[in-house]
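Take a look at these structures.
The following pair of complexes shares a single chain, chain A, combined with chain B in the former and chain C in the latter.
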Partner chain A sequence: MDARLLPYLLILPVTLFLGVFFLYPFFLVAQQAFTTGAGFTLDNFRDVVSYWKFPISLKNTFLLALCVVPIQLALSLLMATMVSRMEKGRDLVLYVWTIPLGISDLAAGIIWLAIFEQSGFLNSMMTGLGLADQPVNFLSYQNPLMVFVAIMLAEIWRATAIMLVIIVAGIGLIPKEYYEAAEVFGASPWQRFLRVTLPLLRPSLQTALILRVVLAFEVFAVVAALGGTLFPVLMGEIYAYQFDLQNGGAAAALALIVLAISLAFTLIILRALRVPKGATI
Partner chain B sequence: MNLKSKLAFAASGIALLCSVSAAQAEVLFWSTQARPAEEAQAMRQQVLSGFGPGVDYQPNEEGPWLTRLQAEGQAGSGSIGVLGALHGNFSAIDPETLVDLDGFDAAISSETFASLAKLGTDTMQYMPWMQASYIMAANKEALEYLPDGADIDALTYDQLIAWAANVHEAEGSPKFGFPAGPKGLKHRFFQGYLYPSYTNGVVRTFASAEAVTAWEKFRELWEHTNPASTNFAFMQEQLLSGDAWIVFDHTSRLAQAFNERPDDFVAFPAPAGPAGRGFMPVLAGVAIPETAPDKDEARALVEYMLTPEAQIATLRATSFFPVIDVDLPDDLPPAVKAAGDAVAKMSSAEDANPGLLPSGLGEKSGDFSRVYNDTFERIILAGQPIEQVLEDQKATLQRIMDETGAPCWAPDAPSEGACPVE
Partner chain C sequence: MTDATIDVPAAAGTRKAGNTLYIASVALLIAWVLVPLYFLLVNTLSSPETVNSFPKPFLPEFDLGSLQFFAGFQGMLSALKNSVLVAVLTMILSIAIGAPAGYALSRFDFRGKEVFRLLILLTRAFPLPLLALPLAVLFIRTGLDDTAFGLALVHTTLAIPFAVLITFSLFSGIPVELEEAAWTLGCTRFTAFTKVVLPLILPGITASAIFAFVISWNEVFAAAVLTIENRTLPAFLLQTLAESPMHLKFAGGFILVVPALIFIFAVRKYLFAMWGIANR
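After this line comes the complex of A and B, so read on.
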């Protein structure tokens, strides 16, 4: 067989899969978003955008992504560096750290709800230690900042591992020679991290960031569990349109808006962390 | 492969096929009710096990429930045999897609229920299956704070507020609990309790002066409401944990509290306002979709669900009450007794003002409830001025009524055509 054809043949199954299960539904959704029964229309978009909760949920979604992703990036870099230095027990630590990956996001939200609830672990601990006379109400509408922090913590706990895994793999790819050379020239550990690890990690960082940012715009279950009605996000509104209001057109329109935002950020990350041709390892 | 193994292969294939078709012979009961795992299990083991041909009972969230039903309708063939859902779910479905159910022998005890089940047509579109309502429940510790002269079986909203305030003051934290979480049934409180009690209407009176008073009163009550209520869904959890001492919720969402600690809680009727004691009976029904694979068997199952034995078993399993006249046994679970008493007191009260579940809204019933939820979020949580929010939301409500053409339902005065928002 012609060797030039092989790569195309190999990606054919995936392409078919994506075509059937991603592209085709995508076109259906797009079609649904732009029709209301009487041909092409932007009514769905107008409806969705003019609803009083839209600006709030848009703001909340951005705010959450903006606060959570940088922290996760820093944390996962730190954890990955630590893991890659370990001689023994590396696998065990990695397994433990990636446990949250195996937990569904709703379950993660409920776990953190059990911590922050009025009769939850945190309150029992505080009253038990004598730090508070009465259970404190952390997740109330009077205390939006605390609700936000709780959601942030749950998201960080739940989704840092996905970046960690990618970055650990990326660090493993960096040849030892670079570090040895840097050491010979007297670079400090911090300098080595900044000048060797980070630049060579670019492709992995790119993947990790794109994945994480896109997921951050799709945050839903954790917010629903912890924030209840207090912290509307875009994904929650999509769910409400589709299932509470049975309005598939509006849900599809909102889904396209989320898709557009995700695409825009993917392009920004691709551009910001691009690896110049010929500079790959 | 030699002949022997080929034969064995074929035989196992046939066996597999047979077991698959045997599994298909079970009627698929696709329901939005009895969703919690224990209730679903009780439905399977205690209620449906008595039906000979076997039933595959599958409870679902309302969204997926409707989505699959619609998908089967669009495909023109399906596997759902029997549908179980609330009146509101059925009113969102085109009656054309349901099998007409006339000719059943079961005596539905309520004419209102029987006429609701026709969904605006001349024939029964679903059979009433079980009923419930929303009630109040309280921790017995709260009883000592009842305001002077207040009768717990005939409270007014003012007395409820005073009571919640007393508890708040004495305990140092607000102990009224309200199911205001995303899965909570708060909209039913506004539609069936607060609005009828104050305005003697739901739609017509949405932005009336009485409605302003109602929201002012609710705001007063909210000051003594546990602020974590925006996360509450099933108030039995907060009753049991002690986070709330006085609560409002659906009878079946309070059952666990009464069953686990029957001596600690009391159930009582909803409070009354100037326009009477507003309350909302809840009706669930069973129907057969036109796409059902075996309509006769499905009919048999519907018939079975309406037998006295199945009705009492359903009551035990779900805390929903029978819709036919049956003699209730004495050994019912505590939750059923407590809720049953409270519902009876509520519906037989002199000032009772029953309000029906929203009807005729079709697929807009979600939008309709959203109007009330948004009003709540804006007035109570965001602290926006009542008059302005009501004016704002009134336009949305009017648009929904105009689009669906739904006529007024009780307690609103009847209308010609779409119910007007006055």
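After this line comes the complex of A and C, so read on.
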């Protein structure tokens, strides 16, 4: 076998597969979004954008991402630095903290439903402590803030683990000598974190943020389990178009809008956290 | 920040207080993860009547009523079976297709390598479940609609970027000298791979296969769009969300969670090594 051809042969299956099941459907979505019966049109987009639920679901999706992702970033950085100075029990603590990584958004929604539903654990606790006389229906239209908080908590609970894993792996790649040198020069732990850990963690932060932000725009099942129709989000609207309204063109147009938002944020993160050439460890 | 002029006992006092705070925060964060899971367990192991009663007991009754109701619910067991089938197919497909590319990325310098890597990375920036929308039409044309295999193809698209990057980092962790030594001892490239590299890499490959399994097991959007009769468990639960009783939801959620616990435990050793190199 010609050694120069071998690598191409090895990447051929992935390339073919992604060509058929990634690029091709992507073009189909675009085609479906831009056509109705009679050729090129922007009607689908106009329909989708002018629907009364669109501004709400757009706002909800952004608000959720805006509230969830920064907290997750801070929390995962905190957890990662905690773990890095741990000697005993490190493996056990990391295992527990990464458990939510394997838990789906739907399951996470159901888990937090057990806490927030009317006869759930939060109400049981509150009446047990004498804070409330009778169970409050948290997840109803009278309590939009509670619906939002419940969804937010479930998202933070579920998806911090993926950032934690990426950041812990990134910290593991930073040479210990850097910290020793910083310590010799009298840097406090906080200074070491700011001047050594954070700059060298850039590539990992980039990956973690891109992954999380994109997934935040895809939020769907958590919302379906906790908020139902009380808290419309973009992905849920796509599902509704495709499934309940049987309007493939509109679903495709909305899908492209979500895609454009995801790509825009990916580029922003790539640019904001770009790694200078030749500066990798 | 404290500075060096503080006398020793005070510094020791601060350190002790800091340590207590540190241990308390670790404990709190562990509780933050485990307590909601515990509540789900309590609900799952209680009778349907208890689940719907108020106030709720904080200890499980060890009553299997809810789980029995789940098992007896029309279509639930076949949804569970579909979920396993789709996830296993996804696991096999993504490793079979992704691992060779991971090997190529770690061992060869070839033209277009950086472009290829970038494309793989870029696929992660796409909301991939959306691809299920056009594929629904395509699958109807090809007869793949509503089949486990069709859904597995979409889930493989989701899992493949991870499979490539993870196997890439795994292969990169094995010194190329080992392979070269095998070549000088009379192995061909292929036998060197099967006899030297493969045994070393197998646990890691298993871990990344399990990762693909979890991705498929948890995916709900594509599953809900692409399957009607042969729904997977998440799709089935999602569809019945509005009308199903609470105890059914909790039992279903519990069944969804159990494999996750086992899988994260099985791959815990590899979890961090996999991501370490995959980010570079």
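Assume the second predicted complex is superposed on the first by the 268 of 281 C-alpha atoms of A that agree within 3 Å, B and C clash if a C-alpha of one lies under 4 Å from a C-alpha of the other, contacts with A are read in each partner's own complex, and residues count from 1 in each chain.
Convention: contacts are C-beta pairs under 8 Å (C-beta built on N, C-alpha and C of every residue); 3 or more make two chains touch, one makes a residue touch a chain.
Values in this document were obtained by computation on a predicted structure and should not be read as measured data.
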Three-chain arrangement built on chain A, chain B and chain C clash or fit: clash
First, second, both or neither for A:96, with chain B first and chain C second: second
Per-residue touch tally on chain A - higher for chain B or for chain C: C
Which of chain B and chain C A:224 touches, first, second, both or neither: both
Which superposed partner A:242 touches (first chain B, second chain C, both, neither): both
Which of chain B and chain C A:113 touches, first, second, both or neither: both
Partner chain in contact with A:54 - chain B first, chain C second, else both or neither: neither
First (chain B), second (chain C), both or neither touched by A:140: first
Which of chain B and chain C A:179 touches, first, second, both or neither: neither
Interface residues of chain A shared between complexes with chain B and chain C: 113, 117-119, 135, 224, 228, 242-243
Chain A-touching residues of chain B, taken from the complex the two chains share: 61-64, 66, 92, 172-173, 180-182, 226-228, 230-232, 241-243, 363, 366-367, 369-370, 373-374, 377-378, 381
Residues of chain A defined as touching chain B within the complex: 52-53, 113, 117-119, 134-135, 137, 139-143, 224, 226-230, 236, 240, 242-247
Touch list for chain C against partner chain A, complex: 1-2, 22, 25-26, 29-30, 32-34, 36-37, 39-40, 43, 52-56, 58, 96-98, 100-101, 103-105, 107-108, 110, 113, 116, 119-120, 123-131, 133-138, 153-154, 156-157, 160, 164, 189, 214, 217-221, 224-225, 234, 237-238, 241-242, 246, 249-250, 252-253, 256-257, 259-261, 263-265, 268, 271-276, 278-280
Chain A residues touching chain C - in the complex, by the definition given at the top: 1, 4, 6-8, 10-11, 13-15, 17-18, 21-22, 25-26, 28-29, 32, 78-79, 82, 86, 91, 93-107, 110-115, 117-121, 123-124, 127-128, 135, 157, 165-166, 168-170, 172-173, 188, 190-191, 203-204, 206-207, 210-211, 214, 217-218, 220-221, 224-225, 228, 235, 238-239, 242-243, 248, 251-252, 255, 258-259, 262-263, 266, 280
